[in-house]
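Just passing along the structure, written as structure tokens.
Chains here go by letter, A, B and C, matching the order in which they are written, and residues are numbered from 1 within each.
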Amino acid sequence: MSTMEPASITIETFRKIFEAGKRFDGRKLLDFRELYIDYTVSKNAEGSARVKLGKTEVVVGVKLTIDKPYPDSMEKGNLMVSGDFLPLASPRIEHGPPKFVAIETPRLVDRAIRESGMIDLKKLVITPGEKVWTVIIDVYPINDDGNLVDAATIGAVVALKNAYIPGITEQGTADYKHRTKNKLPLSTETYPLSFSFYKVGKAILLDPTREEEEIADVRVSFALSKWNKQYMINSCQKTGDTPLSKEEIERIAELLPKKYDELNEKLKSFL
Amino acid sequence: MAIKRLDGRKQHELRKMFAKVGVIPNADGSAVFAFGETIAIAAVYGPRLLHPQHMQNPATGILRVNYDLFSFSVSDRKKPGSSRRSQEISKMTEHALAPVLDLKEFPNTVLDVQIYILQADAGTRTAGINAASLALAHAGIPMKDLVCSVAIGKQDKDIVVDLTKAEEDFEGGEGPTDFPLAKVANSDEYTLLQLDGKISTSLVKEVLTIAEKSCREIYEVQKKALKEVVN
Amino acid sequence: MVKISERNTNTDNSEDALVSKKRKIVIPGEVIASGEDFLPSDGAKRLGNDIVATKFGLAEEAGRVIKVISITGAFIPRRNNVIIGRVINITMNGWVIDIDSAQSGFLPIDASPRFINKNEMDQFLCIGDVVVAKIWSINQRGIDLSLDGNGLGKLEQGFIFRVSPNRVPRVIGREGSMISLIKEKTNCDITVGQNGWVWICGSTMEDEIKARKAVEMVTEKAYVEGLTEKMEAWFQDN
């Protein structure tokens, strides 16, 4: 992989190709790449998963710790999403202060999980007002070939679904050696999925490769969950300084339910 | 009488090893290496331009190693971000790998080696060095040989090889000793030498003999992983 | 002793070298052959009676000369390499070109095909433009490029994409046979840079997409035997 920025002729040609509804890998503009998930990342995590979308690979781990509840949510457990965009996944990442994408991605995953209500945080209280479980989700890209946000969200969801609650020692601390047989208190009805739409000229794409992502003018990510047959948008963020038209936003919103069902079908086979 | 190890292994038996190269398509070279439940992943980027300019060396390329644990690789979550421990191991790893590299062909550049532990069950720095050595070879870097690394230890009075965390934590008898070593695969040169614990000076020779044998086994696993690349 | 970066390269790494069973994968430090007669070349050295690999790759014996060809890793620029690069900066004296290697390339102002003065430099090349250039010399300051030669110059249309630099000989093929096949079957202009960057320009989108797919297929199947026949068959069906 290279750090060379896109050439002018490439940007022009790609725009024309996308606007004609075509892509180099043969996909349609709104198709996702092949999805792969496994759960063999780390036994020391309470839950973990590896997600691949095409060549993009992300690993996600879930750890639980015992802490005080936050002052403004004394009757709930805590949720925290963090992660590190290490120079492992791409030659574009260097050591030093995180670039914006490294700050934004875990925050988008956080809002998707939190606002969807996927975790019933009220059931993570140990001693009311004093001790609760904190669910910490850590996201690590392993190979960046585009669309880390959507891949990371899938990773967080499946890692949570695969997580077990640790035991508690007599002293009241987390006992990682003796996990309980209890999974996290998760909604049985739904979970959030993320859809990042990338605009290139007049075309709108989903799940771009790194090469396609670099040419994009702007991105808008939606986290969606499905409650009682209703498709709820749980979070949304536009990133990039090219505006979106009213028509484009409406068009994207109309696509969301169908896309949710399609991706969910692919995901189910790994659960 | 044969000693009994906690996981049933023989005294000088290594854990089951796993190695694969080319696991990170974006990297110039990459590899995974595992000793049992300890899994390390390494990526090599370069030789590439070194910023800031004042750190460049006009006589040679520079090796830069970064080692760290993933937060969930260990039972007690480790906060993301480097720690003193990881900085020290990064430097030790750099010194373990540098002797086999010749970067004079690449002045003013840096060779970045990233090593991360996905799952930790002791021996993480040794798994890291083995993964990094593979990743460097995979990146086509001029090297005089591979580097092999193993942690020798003690269970009470007996020298054992490739301890698990449970074995490291075992306080019985003379207490645990951790003696991580690395050597140039086909020569008598030791590039990593560290020790924590309690071991008689008279045992050093035996330790080195055992390390040499272990490293030969590790070398075979590394060699196989590289030869399997063309498929 | 000649500095490695200035040695003329033989870029005709033939199909045989990459596919034939007589070649073998070697790892650093491995003995390739033993005997006084052999001469070590690129990627190999003599250690007593043995010729030993100094890097990972494919060991090739050509008569008495033994060398190791890299099959992985970053692009290492050599004099006379033809590369494709992107303009990243304009200075007083020329254009700075990103050629996807540790050092950037430099094209002096007089490389322009017609006379331009220092205020008009972007009339020839702007930031973001692409050139096919030859590496003229490599030194401490950087890599000097030249547009003097057949097929060199600014690329006006089409697009560029990257393949692994080590696969470039395969994409070109023996005496250009593979790249000629792809050009012919897709009706596209194609230039392959030694640095792994490939330029395609066709008259239709479908042709350009097909040409890229063909190039990528060759890089994926680089070590398969009879690849030319397989590609010809693929073109029949597609």
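By definition in this document, a residue touches a chain if its C-beta (ideal position, glycine included) is under 8 Å from a C-beta of that chain, and two chains touch if they have at least 3 such contacts.
It should be emphasised that the depicted structure is a prediction, and the values quoted were computed from it without experimental measurement.
Any chain touching subunit A that also touches subunit B appears here: C.
Set against one another, B-C and A-C show the most C-beta pairs in contact at B-C. The mean-CA centres of subunit B and subunit C are about 34 angstrom from one another, to the nearest whole unit. Rounded to whole angstrom units, the spacing between the C-alpha centres of subunit A and subunit C is 38. Contact with two or more other chains is made by residues 48 of subunit B. Within subunit A, the positions touching two or more other chains are listed as 1.
Within subunit C, contacts with two or more other chains are made by no residue at all. For subunit B in complex with subunit A, the touching residues are 23-27, 37, 39, 41, 43, 45, 48, 51, 66, 68, 70-77, 80-81, 112, 114, 116, 118-120.
By the touch criterion given at the top, residues 85-86, 88, 98, 100, 126, 128-130, 155-162, 196-197, 205, 208-209, 212-213 of subunit C touch subunit A in their complex.
Within the complex, the subunit B residues that touch subunit C are 22, 28-29, 46-49, 58, 100, 102, 105-109, 137-146, 185-186, 222-223, 226-227, 229-231.
Those residues of subunit A whose C-beta lies close enough to touch subunit C in the complex are 1-11, 13-14, 16-17, 20, 22, 24, 26, 211. The residues of subunit A lying in touch with subunit B in their complex are 1, 41-45, 48, 55, 57, 59, 61-63, 65, 82-84, 86-91, 94-95, 136, 138, 140, 142-145, 176-177.
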